[in-house]
């Protein structure tokens, strides 16, 4: 107990009335200060990171300006650096990934939230959570030894012979390329879509479903036409989260994308992504402009994921509140 | 809870102990993948002879070697594309002293390919190689290739070009050669450790290119000789400046260096691509260790000097087993004198 | 009317079955991955894998002993750096702070969480490697620790907040100071969740490769102390997988199995701890 002469610590959390000295002696003020420093360090580190990215790309930003985003050429010899091939590759692989992962993910989430009995739903979710924990380099390992040969020997020729009239599926079947990277990314982001969508769907109030069923809808109609639209915002949020994850993926992508700064309509073409080019060229970028161009790419990636994550969070929170706020009974 | 805490503490102490247990001197180097098989053998053998010294080498490509040794994050670098004047100046400006090139061995860059049904050694003319890598020759049965390979049935498949994705001295040697034999290549692409490739897939390191060629049908890439040999993928002969098709070999590389050996410049930076001589292999190169002129740590300096002596002497005996050519005697003599420059 | 109803019922059954298929497909991927790793890696795991150093290029028979120890050292450093910041920062958010500061700290943590790991690598390179002029275990540990902070912070804060206020008030009624309350009542009450958070953060960074590329850098030998480059499991997997040597491929599979095994075990243990504890709302 405190031995201060000014006040006696009284019962109840009326901290304001105890003097600073007594709080200090009891260690509260110190505790507050120490924990505050730790919390503040989080903010400081984050600010420092943004600052480093901004500073570290200053030369490139001033030299290229907005043209950086529209130039196709990446030429270290002639000091010409353009981000377009990498932005293109990042976006294309992410779009392919989402095209595969979103239907699969939402489908699975619907099953887990609406149909499966509690125990099965929880068990399956447990496995999905484990899938989310698999590191990128393991996906890359499987990508190199399993997916690439599959693509080259079976999938790409099959697509070519059936859908080859589309420019999307033309060109030689290397095995590596946008499509392969997109498929690997899809597997990596499915768990995020499933986890978040399942929670959102579970949070939709029961009376929505019951009202639909009472009006004569089938189970599917109730789900698809009432519950899912109600949860639409949160599901969009999960998609944005998945997209943010896909954009930043490095190892798995660089092992299967072909590492060539190309812009091509064909999904079979090898390409490059922002994260992959940084991983490959950062340690060897001689010359300030080269290095700073790479850092500028890092800054672009950071901003993209920042915006997506922010929007995702807003959507998810808004949808959860809508569900909770609407009341149950 | 208490038990977990004490276990954790124990783990911390054990690992901390492991951290400080080894009192060996550590030298760190980084750079070319071209001589990596040679260097990894050398550093291993040297460590066996000097248990207190470990030389850790990471093969991240010549570009990385030049960059990191300039930044000072590694003690020495390695490259098969010598530093140009700008890079030398940058090092000088940053550190206040210069950096020295020490040739270690010589090797060959070979065009390696994976064509279904073709095991034979193909003959490549300079025009064919330039055309393929420029993206102008797109099929294996193009006349530019078949004309030099009568008797070999080449398929009408698309050529898959494989190049380096990282900054590479092997690329430097390859593009140096192409720039010498093709005016179009020289103007359109140029020579360097990292160029703007007109076509092709990128592999990381010599290892990555070899792996990609091995796994991709109808592909062609350029790698250091030992990578093609140890992975048993076929590689072709190249027509040299005297008009003969030469397959890379120890003798052919030595022949290419013969002229340079006599006229070796003081700083050892020299290109031996497209060298004269009937038996010369046209895409040969020295590979260099980049050693700063001054070391602030005397132990490190002595260690690196000791290693260089060994590499120029006994180390050369390991070269041929790994398909690298020994340095010419004249070059060794010159280098031995130059070691004294490291302070 | 009836045939339309029949059709709708058919569609309903069909689509719902399809969702089941989706779920099965998603889950089976996990088992496929495990299966491949066990099949290819299981045969390559041997005593020498765990005890030997890598051999020179092209020679067979090496192991990844230095990478395993290297990963352990990196993760230890990461935890020593990231966990206290996350833990104490969370205590501040949950127990001491008011609206504005808490919002800023949480926002910064979320920002940090969303940073792609390669960008964290760039940051660690410019902050630790360049000034010290060394690639090092320290730099790698710093990079990984950064990634542990947000997860630890947010989860710990949630579990601390979830402790019923009756516990808090009871302690204060007995005259305990705030810091004493936190130390002896609240944290122990939430310890399961906090431990889970730390383990999950640990598992997350155990597999990260990208930040290590520019920081820990790799080492063919043992890495003495904390100031030298070090090998790490994920980085070895990457390097060996893209190389052409079959022996290296086998080792990459084995390393993948070991790494994934470790991560899955930690995940399962973490969730098990949570499941047996106080029922707290999931994030």
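Letters A, B and C mark the chains in the order given here, with residues in each chain numbered from 1 onward.
In this text, a residue touches a chain if its C-beta (ideal position, glycine included) is under 8 Å from a C-beta of that chain, and two chains touch if they have at least 3 such contacts.
All of these numbers come straight from a predicted model, not from anything done at the bench.
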Review point. What chain is the most remote from chain A, judged by the mean position of CA atoms in each chain?
Key: B
Study note, to complete from the structure: If you tally C-beta contacts across A-C and across B-C, the winner is A-C
Revision key, fill the gap. Taking each chain's centre as the mean of its CA atoms, chain A sits from chain B at a distance in Å of 38
Review point. Hey, how far is the Cα centre of chain A from the one of chain C, in Å?
Key: 16
Practice item. Report, in whole Å, the distance between the mean C-alpha point of chain B and the mean C-alpha point of chain C. Key: 37
Practice item. Check each residue of chain B and list the ones that touch at least two other chains. Key: 30, 203-204
Study note, to complete from the structure: Touching at least 2 other chains, the residues of chain C are 242
Review point. Going by the touch rule set out above, which residues of chain A reach two or more other chains?
Key: 283
Review point. Okay, in this complex, where on chain B does chain A touch?
Key: 30, 60-68, 70, 86-87, 90, 158, 160, 165-167, 190, 192-197, 200-204, 212, 215-216
Review point. Tell me, which parts of chain A touch chain B in their complex?
Key: 73-78, 148-149, 152, 172, 174-176, 254, 258-260, 270, 272, 280-281, 283-287
Review point. Which residues, counting only chain A, touch chain C once they are in their complex?
Key: 1-2, 9, 11-13, 15, 23, 26-28, 30-32, 34-36, 38-43, 45-49, 52-53, 56, 103-108, 110-112, 114-116, 124, 126-131, 133-138, 140-142, 144-146, 187, 190-191, 194, 199, 218-221, 223-224, 244, 247-251, 255, 275, 278-279, 282-283, 295, 298, 301-302, 305-306, 309, 313
Point to revise | Interface residues, chain C side, partner chain B - complex | key: 55-58, 69, 72-73, 76, 80, 129-130, 133-135, 137, 188, 191, 217-226, 228-229, 242-245
Revision key, fill the gap. Counting only contacts in the complex, chain C reaches chain A at residues 8-9, 11-13, 15-16, 18-23, 25-27, 29-30, 33, 36-37, 40, 84-85, 87-89, 91-93, 95-97, 101, 104-105, 108-123, 125-127, 146, 149-150, 153, 168-169, 172-173, 175, 177-180, 182, 203-204, 206-210, 213-214, 234, 237-238, 241-242, 249, 252-253, 256, 259-260, 263-264, 267-268, 271, 282
